């Protein structure tokens, strides 16, 4: 797994939003053992300086940041946000979101490809939040993306993998491209299932931040991701409709 | 979680059958970190003495054994097998299988309840391999069982949880009874899903033994079980149909 | 399809309960084109004589009645109810319900088999409301049942087919026995799916009675049942993962 | 339901390809009771004149034709094919396919929108074969499409509705636009399910043409579509997890 | 004497089940009967004597699923 | 001259598309035509001159999904 | 005499189950036994006499799921 | 002069973006800036003159998913 030259040990990426407190966020990030967290940019008020404290916290956690363009609905917005992010976070990485619809927060695949082209040409290393559409994926790769992040389900829905068929087809179609399931994961079994499909990593936020015990859920998600990956590598048995005795039939005593 | 007075640390129970070799079995048991393995009784030939070597191996692993009555289709067979198992393995525990149908290896719930009654009365501590039928479960508890083991799917099928609704209803109906999903688990995501439903443990065999790398799959299953359990305890977010922004909307810069 | 010597044209059986009015019930029965409706027995008050009017209505509809033992939790209750039903409705047919659990209204398979044996011996023609358990099914056939009615989902839940695998296995295991999916059907697509599995008929009530327009839903269910049956007989194509062009590839013009 | 000014009685559209013979095709079209069939253009050899016979057959069936651009992978190809189709079939209707990927035959949503814009501007009435992507759908409407045809599953796969969530969201998002599920339908229960979601119509081909008895399957599909539509209009009961007695509890005799 | 009819205490003068039904005014209503939990066919009602405290169930056709 | 007709090399004496169709013996067959990838309506075939090496596509109605 | 041991016909000289096991050369192997379908505990093998045609099952630990 | 800073009308005396930030009291806060929708890198703030009515966005790191 290679994210623009960085090969993380951990296959879980974690969002930093919606936690009850900075302390809980910190404990969740540590419990997740993740090496990459997503962050955003928001307006800073001169007096409050909220951003300064948040940024200090993240730096102390010693993780890489993947800034996002969350909430951007136009290419222009997304590009400008990416430029500001690159300066502040001092990284060429950008989680590119160009939102196309409010209810599902699904990507605008047209704006996404255009913004990906502009940013890649400008030296950004783009992590596009996209759908399972194979043609859109091809365009994103042509635009210069070297990682793809299809959604599992709408952001914050916790529904898991809505289109298992589409995700399986995507993995089969792009055997070499690092693929991250981003958004929709609600439970470790969802994360494990994504990894069992052969996905390279999982990015999630709400399921951890909104859990009763975020740190415990972060640890659970980490295990789910590791379990799914290990199973994928271990070569699972093929599922079958009928039963097959596990205990040997041969040599059974006759006791009737 | 209390299995007749024993409270294991690990919530994964592993079968010992179908491994490529004793050495692989041993490595899988160790990798699984399980404390309980299932075993059986088969005819011993005086010259070969296969059983002696197998038994030595298991004892060296330092795990508890849960002998089964696999392959028994009658109450009489199952009871006699249980009696022989208690003597040889020096344990009152018995995984009670009374098989009712060859294609699905589903339990004969009538014979199961009868055998459970006889064995419980005789001092056995019965782990019945049963279905998700709530009434059968009630009868098994009346018969003296203090643990129930509903199937996820047919033995060796690797299909996962065929009747999610039934398993959920069973957990809701018996909040206090230790419930183990036995059979059908093919992937860590299946095991995690069972634990996320609130099941106490998972018993599996084929998915590990028939994996390309059994030890790696054993480790993966262990993590899947731990992940699912941890998520259950952590209080997962409720799933929702529509999306909810994870990144705060408030304070977003206006860049258009 | 042979229900104890009667071979209905229609493969839909309809319940008569929970309709907004007797007139709506009558219109729904007619719209369903069904030939068999389920009825029950309840206490009659001398002054009110509700039952007399209901019975007149049913007789006017010119359909066969299948009396049920709804609400019976013991063998004794079920048997006595069946005896009363046989006298009043002048039919040996009985839909045998022995309820085992209040939340799911699932059958008590033990009481069910016992009551089926008693009633069959006494000349009843038993339609047992059962689960997808193959061993229970065997016992019911041994007890004298010549029709089986596994549930699709809990009565009144409208969830459809909760255990598709179990229902498929049951059909495969009893190719010759008339099998009716009883309970749980909420939509025509559920009814069609049951018939596509090869089931002989569908029995439902709540989905029609509680629809905004019961007569229209009755007609829809009838069509769903007919559609599923016709598809089963027509020999459906096998499903496949990848696409296959429907329009011929050969002879396509080259226009680039 | 209004397809560019035409309001068909039938909500089933049928493809004309892959039938064992012209006679079988004709019988299937008649059995389906459909008013619209899809056709294509292919190279005509002067001696053979296959096309002439086929065209005669279709005209005799007295149905409207919806010509497709099947197999076109570029905007140019699709547009030229549409122009040729308009002349030959003397209709402004075009089922616009711009294929983007060979294994899934999924649409190239970029080429699709561009071709839709060109053709709409040139007076065509475009039926775009698209995905469940809401943003793509918006673009197609902006381009002038007044009907949308999202796929259920890959063409010829017979898998049904791969992304139920996505299709449900699409219906909710475009309450007024005529929506046709095109491709992937394998069984009447799939067709019924699409209509129960509130879709306006279903377009299918392979499931009928490749059935053992195409005419019978055509009739079954027709019924499935009608059943699903009728259920949608009848106001289905809401599904619930727990059971609810259909037979009244009140007045039950006490017989124990 | 006192009988429990469909769960309600009733005072009736009758020596057998048939008389009880008449006394209870069921006339020619189509009903089936059980005495103390056991089915009593219509043809046996005359011959079925009743005791104080007997539980009589009188049922008729009703909606069912 | 040499033309590519529906992907096959053909020798035909014709100065316009209409003549070519006649020379190819399509007579009154219902077909649509494209020249070098561009649609040519029936009414413009006479006026559409052709050159050696031109690619002509001649299509007719066929089964479609 | 002739016994059926684990499904096979064997000729053995023995008056009880313990002797039979010795004659069959099981020595100190860890096994459990059943005679004609009934469990015979180890401690009762000496006291359990056997007849010609008896079915003896001798089992030991084995892999199980 | 009047500027729109993060969506709010502010009165500030400044000729370039850097001065504006100082006037607005951001001091050494880690922020990124955009002027009328276009990104202005920190190193160009001094050289970026501002006009009455300009829209200035000043952002800093924040939680993100």
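Order as written gives the chain letters A, B, C, D, E, F, G and H; numbering starts at 1 within each chain.
As a convention for this text, contacts are C-beta pairs under 8 Å (C-beta built on N, C-alpha and C of every residue); 3 or more make two chains touch, one makes a residue touch a chain.
Nothing here was measured: the structure is a model prediction, and the numbers come from that model.
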item	value
Contact-richer chain pair (by C-beta pairs counted) among B-H and D-F	D-F
Centroid comparison with chain D (C-alpha atoms), farthest chain	G
Duplicate of the C-E contact set - from D-F, D-E or B-H, the pair where over half of the pairs recur	D-F
Chain centre separation in whole Å, for chain F relative to chain C (CA means)	63
Whole-Å gap between the CA centroids of chain B and chain G	33
Averaged-CA centre spacing for the pair chain H and chain D, given as whole angstrom	54
Numbers and ranges of chain D residues touching at least 2 other chains	15, 17-18, 40-43, 68, 70, 76, 80, 84, 103-104, 106, 155-156, 159, 165, 205-206, 241, 245-248, 251, 253, 255-256
Per-residue multi-chain contacts in chain H, two or more chains	6-7, 34, 37, 57, 59, 62-65
Interfacial residue positions of chain E with respect to chain D in the complex	6-7, 34, 37, 55, 57, 59, 62-65
Sites on chain G touched by chain B in the complex	6-7, 24-26, 29-34, 37-39, 41-42, 57-65
Interface residues, chain A side, partner chain G - complex	245-248, 251, 253-256
Parts of chain D lying in touch with chain F, wherever the complex brings them together	15-19, 25, 38-47, 49-52, 54-55, 58, 67-68, 70, 76, 80, 83-85, 87-89, 95, 155-156, 205-206
Contact set on chain B toward chain C in their complex	100-101, 103-104, 106-110, 113, 131, 133-136, 138-139, 153, 159, 162-163, 165-166, 169, 172-173
